[in-house]
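In what comes next, subunit A is part of two complexes: it sits with subunit B in the first one and with subunit C in the second one.
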Partner chain A sequence: MLDTILQAYKDAVYDTDKEAAFEVVDAALDQGVSPEDIVFKVVIPAVETMMAEITKDPDTNLAQHFMTAQIAAEVTEKMLAKFQHPPAIVGRIVIGTAAGDLHSLGKRIVSGCLKALMVEVFDIGVNVRPERFVEAALEHDAQVIAISAMMVHTATGEDGCRKVRELLREQGLEHRFRLVVGGAPYRFDNELYKSVGADAWAPDGVSAGKIIIDQILAVKPLEVKPS
Partner chain B sequence: MTPLEILTAAVNGAPAPRIPVFCNLFDHGAGELGISAKEYFSRGENVAEGQLRLRARYGQDNVWSLFYVGKEAELFGCQDILFSDNGPPNVASFVINDYDDIAKLEVPEDITAHPAWAETGKCLDILRREVGATHPICAYVTASSTLPSILMGMEKWMELLLSGPADVRDELLRKCSDFFQKEVAAYRAGGANVLVYSTPFGSTSFVGAKRFREFSIPWMKRDLAPGGIGGIVYYCGMAPFNNVIDTVMDEFGIGAYYISPQADLAEAKAIIGPRALTCGVIDDIKMIHWTAEQTRAEVKRMCDIGKPGGHFLFGNGVMPLAVPEENIRAMVDSAMEFGATP
Partner chain C sequence: MATLHLHAPDGEHFLDVPIGQSVRDALDSTELRVRAACGGSGSCGACLIRYVSGAVTPLTVAEYMKINAAERAEGLRLACQMRLNGDAEVRLDHPAPPSEWKSIPLDDLLPVSRSLPELEHHIYGVAVDLGTTHIRVALWDRKHGKRIATRRGPNPQGIFGADVLNRLDSVRSHPGRGAEMAKLARSAIVQAVRDILARDVGEVTPMLAEIGQAIIVGNTAMLALLSGRGGNELLDPEAWQRQIECQPDDPAHWSSEWFMPHAEILLPQPVAGFVGSDLVADLIATGLIDGPPGSLLLDVGTNTEIALWDGETLHLTSVPGGPAFEGVGIRHGMAAEPRAICRVSATDDNGFELGLIGGEPAAAARGICGSGLADAVAVLLQAGMLRPSGRFAAPPGPDGFRLDPANPRSAITAGDVDAFQRAKAATAAALVALLRSAGMDWDQVRRLCVCGAFGRHLNLRHAQAVGLLPALDSCTVELYADATLSGCEQALLNPDARAMFSSLTAKTKTINLSLVDGYDDTYINQLRLRPLIQKV
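Let's turn to the complex of A and B:
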């Protein structure tokens, strides 16, 4: 039964049909499927499928990425409220857009996918000063600082990732936090992330889920309890 | 031949000494005049002077009447632009913050009478007077399906487009399309003759094939129908769109396509052939780290693909300020050299 539900849910997400995706979830609940199974056996596999599709099929599009994240985050939030016990979380990240950058779409897609993948996401907004990224990472005991930048000057400028790296170095925090970047400039120049001091980059919001989890596990392989 | 005649020859497939060479420089004007970005963009005279000086410095064929993309939001009442001396200005506060704002949104009756158009108008007047007879004057016009992203933010727009109330979405699109029709007419009347139609939702990198057919095409038709396709350049905000070129040609007959650096240029040229102008676009973000020789090699590669058979233009995206001056010079010079016809 779960295979059928998973396929129907994936079809709805692939068609960017949020209403249909929720109908699949509601019908599954009516059939007695547990909220835990909906998250771990439907939502998460669907996000993982989309990650794989993106790698294989360059024709996946922004609308699909957006709706994958949006639907996954909303379904997960709804199901979590019904869980018997809070689930183990994979890790924590702080995410924001670089100073001077007001483009929030990428950040939202990343956050949506990560929430569904049991990562605690602390969204610190747009136009974030480098100092704030570090403060927030310390405050939330995060493993990853994710910085989104849609413009070349905010991706490569002195107040972006470059400065966050410098602050981590100065404060002796490089062992505690990994830096991950994303946004249009990195897609056009795949080596750009290195020049700004990031540990990794993601070509799109959905793929960022796996890349960020890999970085979380590189810092903190142990399970952490929800805060 | 003048650059304008060279462009016309390329569009028509007529003989010319070389291909047209465009170099899009927007934020560089402030540095050229030695003033801040905020001051530079505050006056049409500055932008026109910046464009003329940059053209004289590098020798490209085109000049631009675009200040920054957020200018269109200003025509809808946006008064908060975030300026930077290191990159393009951005809309800092949106004119649509909730769906009720869409009902209140007003399309200016006469765009050219709107205070936010005044400086653009001055810039166009100067460019037309100084180089209008000899050089292409470019304008940037945002498609109705994309304009909401600068009025409410891309995030909120995607939400409304994909899962919001259809009547609210369509009301916004109608207003944006009405605005487009007026704006493109104003640019044409002002002397712009290369009208870059920015339509990222006209690429299947943004929406799937079904939504492209059922949503993007009808709204593009509404945008373009009254004014026609004269001077229109199909541009998807640097997203690839090779797979829809045939459809766009069949549906609209648009005569120029600004190909993404992430698309296969040879494939695009083969699809378009002599039917329209293929615009090869260099990846100017990579130019930040390239040497002049690497830039030159890439220009040669592109010209080798595009020049045979004519109907080819060389161009770039939105040149970042971080690109070294010698690379910009190498790009323009080598495009002139490798784009020359024997």
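Let's turn to the complex of A and C:
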């Protein structure tokens, strides 16, 4: 039965039809499928399929990225509320948009996918000062600081990732946190992430899921209890 | 409408021309202008064409004076004198040298019935809409309330970036670039005025000295770049909410650079960093606050600007929907100019019928403009060839799907659909944010004014089917092709232009969408190709 549900769910997500995706999930709940199974055997495999497809399908567009990530996040959120026990999480990240930058959609796709993949996400908003990224990472005991920057001057500027790296170095925190960046300027120059002091970058919001999980596991391979 | 069959050095053209229009007026808005050095009175005799056949008006006195009997016998005519009574065929052997400046079709502008009879000196005035992509200029005899001519051409700053952000970034990272861009825009404006004077008046420098006022409106970034200042300030989000300084340091320098020693140069103050004076000009042209509460104005362009009048307050915002509606960033995108696909409809045999600006057949299409793209998306969706997700049912490959199988420039790519979806979702989400700000709901909207070249050819039903515009029963929809320049013209013919702008600005409340809770959710929910979700 789960196979049929998974296929129907994937079809709905592929067509970015949120209403249809929720219909599949609600029907599955009615049939007695547990919220845990819906997340681990339907939503997560669907996100993984989507990540694989997006990287090789030239026809997938940005609008579809936004919509699929939104569906994954909303379904997961709804199911998590129904879980018997809080799920084991993979890790924690703080995510925000660099100082001077108000673009919020990129980090939103990343957050959506990560939530569906059982990563705890602390979204600290847009126009975030570099000091705030470090404080929040300490506060939430995160493994990754993710910085979105959609404009050249916020990606490469003095108050962006560069400064966060400097603060981590000064405070002796480089072993605790990995820095991941994303946004249009990094797509135009695939080496740019290095020059701003990041550990990794992702070309799109959906594939950022896997890249960030790799970085989380590089810092902390053990399972953690939810906060 | 009649068809003008034109033989030109570059080949044959077929143009839709209103009955009674002169050949010169018909060609002035196209790539093929006749030579000219007067306002179409027949006094310069430069606009020679050869009549071949068809229904046209007889020779005028001016033509008898300018063309000798032998030439008349060969069919020579003056393009400004000869008007179409029906279909006609003519030959244009010596067009004017190619120019980026073209006349704006008269239908695009609102009639203005004002004048300033009290003016004694320097009676001419210039209205300028400084757009990110295009500059539009109108020259007026203010005393007699007569529009001399108009021009539209590209904003030459485009070489430093198609959108505002790229241009500001270019100024930030290259010393001297700001001054260079300011000079480019300023010289483009005066070139347009000179083109009018050369072709429509026949005298340039003496006439420049008769210009008494120039009013320039635009988005805040364009005005800041024009004045060579404010670039960095506009990149700082904290500054967006404030009024940005756009006034020239030394207006006298501009008027001397332009050879307009008597011109008062007026740049009405933009409302905020992200809402320019162009939107205020739209408010003037549409008389938005004279309408009922629940009047919406949408100026669709590279930066879409929106206003909502609730009876007391003008709620304003702008949304960087991307330049998709102006044809930029679209594979075969182009502005709403001759030979752009501006209308698409389905035919009974599963094909598509294309309508081109200027009326030439589909094979002549050079690309697709904003309204054509909206039509194409709606028609492909109806035909089931596009899914509501924006995905093609059968992927057409990297070269896209050709609306006309024989013409590669009629192709729509997956990326084009994506750009369209994002632009329309941003517009819809911004409309919702304004309604929320005013505490109104869709069913309270009584009037919708759609401004921009995009609106002129827009198929409302299609725009509603894909969720670009709301489908409202109780609401009248008005289309304004060129509201910004029209509003600027009205100000030019008002004794207190400054007050017209400032009294409207005083009623405004600006909403920065980046700071609106739930904007992202609304945006994502509006991305699907379906009618706009009418829930505020």
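Note that the second predicted complex is superposed on the first by the 227 of 227 C-alpha atoms of A that agree within 3 Å, B and C clash if a C-alpha of one lies under 4 Å from a C-alpha of the other, contacts with A are read in each partner's own complex, and residues count from 1 in each chain.
In this section, a contact is a pair of C-beta atoms (placed from the backbone, for glycine too) under 8 Å apart; a residue touches a chain by one contact, two chains touch by 3 or more.
All figures in this text were calculated on a predicted structure; none of them were measured in a lab.
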When subunit B and subunit C are modelled together on subunit A, clash or fit: clash
Partner chain(s) touched by A:L105 [first = subunit B, second = subunit C, both, neither]: both
Which partner reaches more residues of subunit A (counting touched residues only), subunit B or subunit C: B
Partner chain(s) touched by A:Q64 [first = subunit B, second = subunit C, both, neither]: both
First, second, both or neither for A:T16, with subunit B first and subunit C second: both
Contacts of A:D189 with subunit B and subunit C, given as first, second, both or neither: first
Partner chain in contact with A:V152 - subunit B first, subunit C second, else both or neither: both
Subunit A residues contacted in one complex by subunit B, in the other by subunit C: 15-16, 18, 59, 61-64, 66-67, 70, 100-105, 108, 127, 151-153
In the complex, subunit A residues that touch subunit C: 14-18, 58-64, 66-67, 70, 100-105, 108, 126-127, 151-153
Complex contacts: residues of subunit B adjacent to subunit A: 82, 84, 86-88, 90-92, 153-155, 158-159, 161-163, 204-208, 210-211, 238, 243, 261-262, 283, 285-286, 288-289, 320-322
List of subunit C residues in touch with subunit A within their complex: 165, 169, 172-173, 235-237, 387-392, 395, 398, 414-415, 417-418, 421-422, 425, 514-515, 520-521, 523-525, 527-528
Subunit A to subunit B touching residues, read off their complex: 15-16, 18-19, 59, 61-64, 66-67, 70, 100-105, 108, 127, 151-154, 156-157, 184-185, 187-189, 191-192, 195
